[in-house]
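Labels for the chains are A, B, C and D, by order of writing; each one numbers its residues from 1.
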Amino acid sequence: MTFLETAPWMIWTVLLPLCAGICTFLFQRAAPWLGVAAALGNALAVAALAAQVLRGGSLRYPVGGWGVPLGIDLRADGLSTLMLAMSAVIGVAVSVYAARYFSDEDAEDDLEAQRHKRAYFWPLWMFLLAGLNGLFLSADIFHLYVTLELLGFSAVSLAALAGQRAALVAAMRYLLVSLLGSLCFLFGVALLYAAYATVDVTTLAGLAKAGPITWTALGLMTGGLLMKSAVFPLHFWLPPAHANAPAPVSALLSALVVKASFYILLRLWFELFRGVVTLPAANFLGLLGAAAILWGSFQALRVRRLKLLVAYSTVAQLGYLCLLFPLAQNAGVAFTAWSGCIYFMLAHACAKAAMFLAAGNMAHAAGHDRIAGLDGITQALPLSVTAFMLAGISLIGLPPSGGFIAKWMLLKAAIASGQWGWALLMLAGSLLAAGYVMRVLRHAFTQVDKALPLHRVPRTMEWTAAGLAVLAVLLGLMAARPLALLRIGAPVADAAVAAVEGGPR
Amino acid sequence: MNLDHWLLVFILLSSFTTGLIIFFLDEEAHRLRTFLNLLGASLKVILVGAMIAGVHSNHVYESRLTLLPGLDLVLRADAMSVLFVALSSVLWLVTTLYAVGYLEGAPHRSRFFGFFSICVSATTGVALSGNLITFLIFYELLTLSTYPLVAHRGTEKALKAGRNYLIYTLSGGALLLLATVWLHTLAGPVEFSLGGKLGQAALEHGTELTIIFALLIAGLGVKAALVPLHGWLPQAMVAPAPVSALLHAVAVVKAGAFGIVRVVYDLYGVRTAQYLGVLPPLAAVAAFTIVYGSARALFQDDLKRRLAFSTVSQVSFIVLGTAIFGPVAALGGLVHLVHQGLMKITLFFCAGNLAEALGVHKVSEMAGVGKRMPWTMAAFTIGALGMIGVPPLAGFVSKWYLGTGAVLAGDYWVLAVLAVSSALNAAYLLPILHAAWFQEQQGPWPREETRGRWETRGMLLLPPLITAGLVLGAGLLANAPFSPLGWVRLISDREYGL
Amino acid sequence: MSAPEPMADHARFTPARLVTLLLVVALAAALGWAVWSLPANSPGLTGQSLEQLPRSGVSNPVTAAVLNYRGYDTLLEIAVLLLAVLGVWSVAKAEPRADDAPASPVLTAFVRLALPVIILVVGYLLWIGSFAPGGAFQAGAVLAGGGVLLLLSGGGRAALAQEGWLRIGLVLGLAVFIAVAVGTMAVGGKLLEYPPQHAGTLILLIESAALISIALTLVALFVGGRPPGRSHRGLSEAGERKDSDES
Amino acid sequence: MSLEPALFYALAGVGLFAIGLHALFAYAHLLRKILALNVMSGGVFLFLIAIASRSAGPVPDPVPHAMVLTGIVVSVCATGLALVLANRVQATTGKMQLPDEGDGA
């Protein structure tokens, strides 16, 4: 037991995927099993870490024993732990799904291509996981840059995995954007180091003062990260990249990868640059979010391809996250907004992954993903449709889903601080979301005279999608524990319980 | 975790689990599915029965689950919720019987009955909600579980009706959510309770609470089909007859009306509402809806469409009764919650039978139908006369108390409304009866089913007869202790603290 | 790189161009302002790093920073190297180079002379890294240069065909690095907390392993595609055929 | 700080960064874009070296040097990957640039 309590679990969440990456690269035949095992192991490590954090509060781990400023510190507070948990859960589900999806029996096109995808999916995904976990744990902005690159390269390669024209073009665009983004971030890091001679987030938070250096650094880093997390109008690369990848990859990219860079954004705005950010800047990000919600939703209502619809919904949903910046500027409701935003990430991760997997099943069964042609399929795959529906419920924010709880908190923050514009926007966004979800679901009820010729969809693939969707809904009923975790070491002060309990401010 | 706690949960689960299981049944497992349906339904009735006794002796059942700090999911059974639960569970049992018969041989029955059960669970949840947020949750669940039923037939028309249903109800839900959050920020977590808990807040934030009230009513008015939010209801009649019964009598419309009642009595408290001066406008809207609905019904040739508009008008009697200050009017409104349900479901069952057995959908095709289907039309007649308010039927009781209540409250104009609406009711229902009984059949029926032992399938014939009987009973035995009226008296006494 | 079409696309001057130009200028101005307001001279972390140098196991502060103070960065950086190869192999298959034209005798002769020297230099760079500028990356780069020369002179293809060994070589650096990292934890230290007395050895061990992987990675990047061996062809063949057409 | 070598090189770094950025936007040809990114990273590295040289001590600040070393490796990998991808794009689209098609809806 004591071992469980003392072992440095956070290290293993990085080392384990790295080792798995090596092994899956060397032993291709065993790759699927290795991958699933690694995902499970990672989940266990994260669970142990979460237990540690819940018991003993935030953890700091000086790698190499040097400690700041010379060395690199890892840090696991409530937020990091939640993010790790998110990646772990999604990771397990997607791994199980992928083990089947890339198997020879379910080769959509020729066997060679299927083998090729399988051979490279696993190591790439393992490195992606390592990058994610490393990123969530890093308290060192230069190390954040390294993890960003690790993440970016694996993400791009995965996006290109399908190999057809659209995927390659999308991946190329993605790579350029991602590199530009990280370069901007790196310059910001350099500026900060030049000014304060440290790259440790916590130390910098204490030192950073408003001024040309911090403003420029903030601007550069924010710009780069907005690009990477596809916030309107820098979202252009996302829909093709996510829509043309294999289903498990789309799920990973949409559910986790974009969140990673947004997570750094949160760390910067609410921790490192706490004293530097200004209300106008925050409102500007809010406006971007608003535009994202509207634009993404309208595109989702327009496009003809299912996976593209889901991808655009990601663009829209990322908009909600940006509403945090203006909402949290009011100290009274800051923590409510903060919790809402983080919970939104979790709910969206589950829902979006489920949705992409379900969409993948439909595309797999039909051999295409034109929404217009879905009539027969949805009735052939009731479970996947259910998954899609449940995920949709959470995306729309209907009770009792996780999305609802998140929206509830965001709305509460908006109304309690009298920021009505954002509140109304969120409601409008929900209705639009309902619109594009129904675009798909209506096909579950259309009459089909002739049964279409369909590929068989393996049980595993249907159940993993359904499982994630159910989780997305259940998140609404078990919010207490995650939010308790979130309080630990939260950079946003829980300005009096009043903010949570309600009461005008 | 005592028994009370579990009782409520069981009442919810009795239909919810049935629904979930049914989803996974394969299409051909008719017997098992029917068995499960009836099992769940009767189980619910029994459990509710057990609860009624307790509530009557002032016992309050409650169970809660914390979603967020300061945000609880609360199930509570007080007199008011029992009224609605009892209604919906009894009618669900009957409707299930009817639906089993009605959908014989139709496709996608597992899906249908699955959502059917979920829908009723949602209604039960609405009835048992102990605070606004819980209410909201089940209210939205109701919306979601009803869409598949409305769109069930899968024709373009059905899908369009379903889409509009969603557009209306989800927008309503959005308003409701907005109001709920706002109220939450102003007054913290407010629970439903006799006389309401907002008296203090009303003094501090009068204007806000008035706006919130408007939002709430707008959100609930969509389902309660208050004009001008009623648009979805007439379209939704493309759904199969059992669904119409569900929409109009058991679940959806009722949930809206019940919500309004809850908001006025147990959230704001009728006195606070009076103090805020929000009741007269509400009464006005209700009155207008009553007249408008009846007037529109007059010009519908399609039978179900005519009935749909009559629902629009009839449901507003409930709202009207609530909006008039005073225990007697409240009596009229609340009791109509039950009576309208009984009468309207009878009418829809009969309409369904006509369509099934004879393919008769239009009033103009009904000449002489009484001779062909005497039992069905007898039930229809009872329902129709009840609607018009002919003593000693249920409808009369409601209108009587509404009228006297209005007089006591000094709102004489209500009498006019009642008179006009009754006249209109007569105008759009009596011709049907006349055609059915006193006219000769012209030509063959549009699509006659081969005649069986009875005028139509037994499972279709029994339900309307039962409900018609209830209509009769509710009127004749109005003064019996456990009659709807008796129970409602209990409620209004408690609400007005008499 | 078979890119026949002209690179010169000095696109016509559009308003969009003007806007981007202005944005870039604005950014440059902001950066300039920021740079201008930087403190004139700041020791940065020079002090601490020199202070800790004795415990770091090397006497070259940069190497100390790379492999000891910030060794964790370098660990992931090695992973990035491996990842790059993975990425390249996942998208493209090595194009059969124009081997038919035998490399010029001059080149082959030069390579024959150069390689031993290169090996020597590599060894020196690797070793000197502990005391002066140099180290695995520099050495790796040079070694890769040798490898490239070898390929150009038509040799070494056979070696690349040994895909199994190639893969092992590629992961070697990362594997050893992780092994050492775990080892340091096993002996009760923190991750990558070398016992001072062994620090030098461990670092050299890591560097030697990394050297091989780095060199192989760079060569693999130069080849620009997965070895045609038993590995899986089958990315849209059409595309690849087009390739050969155009080249 | 007065215009001394460190500042000069730092500004030069900024200049490179800006030039690269502009080229990245201005030119469609993928090779140019990739080169542009390299120029940008060159700018950042130059800046890091410059700030490292501000330390009064006997040796320049080693930490930025370490960062540069890491950065270089990363950008080499990036370039390699980017070139191969560009190659494949050309192979499939026939042009060495990104077709500005929509999302393929």
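FYI, a contact is a pair of C-beta atoms (placed from the backbone, for glycine too) under 8 Å apart; a residue touches a chain by one contact, two chains touch by 3 or more.
All values derive from a computational prediction rather than experimental measurement.
Q: Based on the averaged CA atom positions, which chain is farthest from chain A?
A: Max centre-to-centre separation from chain A belongs to B.
Q: Which whole number of Å gives the spacing of the CA centres of chain A and chain C?
A: One centre to the other, that is 30 Å.
Q: Could you please state the distance in Å, as a whole number, between where the Cα atoms of chain C are centred and where those of chain D are centred?
A: One centre to the other, that is 16 Å.
Q: If you average the Cα atoms of chain B and of chain D to get two centres, how far apart are those centres in Å?
A: The mean C-alpha positions of chain B and chain D differ by 68 Å.
Q: Averaging over Cα atoms per chain, report the distance between chain B and chain C in Å.
A: 72
Q: Going by the touch rule set out above, which residues of chain A reach two or more other chains?
A: In chain A, residues 70, 142, 146, 149, 153, 156-157, 160, 164-165, 168, 171, 187, 193-194 touch at least two other chains, as defined above.
Q: Two or more other chains touching the same residue: where does that happen in chain D?
A: Residues 10, 17, 21, 47, 51, 63-64, 70, 74, 77-78, 81, 85, 88, 92.
Q: Counting only residues that touch at least two other chains, what does the list for chain B look like?
A: none
Q: Going by the touch definition at the top, which pairs of chains touch each other?
A: Listed by label, chains in contact pair as A-B, A-C, A-D, C-D.
Q: Inside the complex, what are the residues of chain C that reach chain A?
A: The contact residues of chain C facing chain A are 27, 30-31, 33-39, 42-45, 48-49, 52, 68-73, 76-77, 79-80, 82-84, 86-87, 89-91, 167-168, 170-171, 174-175, 178, 181-182, 185, 189-194, 231-236, 239.
Q: In their complex, what parts of chain D are in touch with chain A?
A: Chain D reaches chain A through residues 10, 17, 21, 24, 30, 33, 37, 40-41, 43-44, 47-48, 51, 63-64, 67, 70-71, 74, 77-78, 81-82, 85-86, 88-89, 92-93, 98-99, 101, 103-105.
Q: In their complex, what parts of chain A are in touch with chain B?
A: 382, 393, 396, 398-400, 404-405, 408-409, 411-412, 415-416, 423-424, 427, 430-431, 434, 438, 442, 444-447, 476-477, 479-480, 483, 497, 500-504
Q: In the complex of these two chains, what residues of chain C are touching chain D?
A: 1-3, 5, 7, 9, 11, 17, 20-21, 24-25, 27-28, 31-32, 35-36, 38-47, 49-50, 61-62, 64-66, 69-70, 73-74, 77, 80-81, 83-84, 87-88, 91-92, 137, 214, 217-218, 221, 224-225, 235-236, 238-240, 242-243, 246
Q: Using the touch definition from the top, list the residues of chain A that touch chain D in their complex.
A: Touching chain D from chain A are residues 70, 142, 146, 149, 153, 156-157, 160, 164-166, 168-169, 171-173, 175-176, 179-180, 183, 186-187, 189-190, 193-194, 239-240, 243-244, 299, 302-305, 308, 312.
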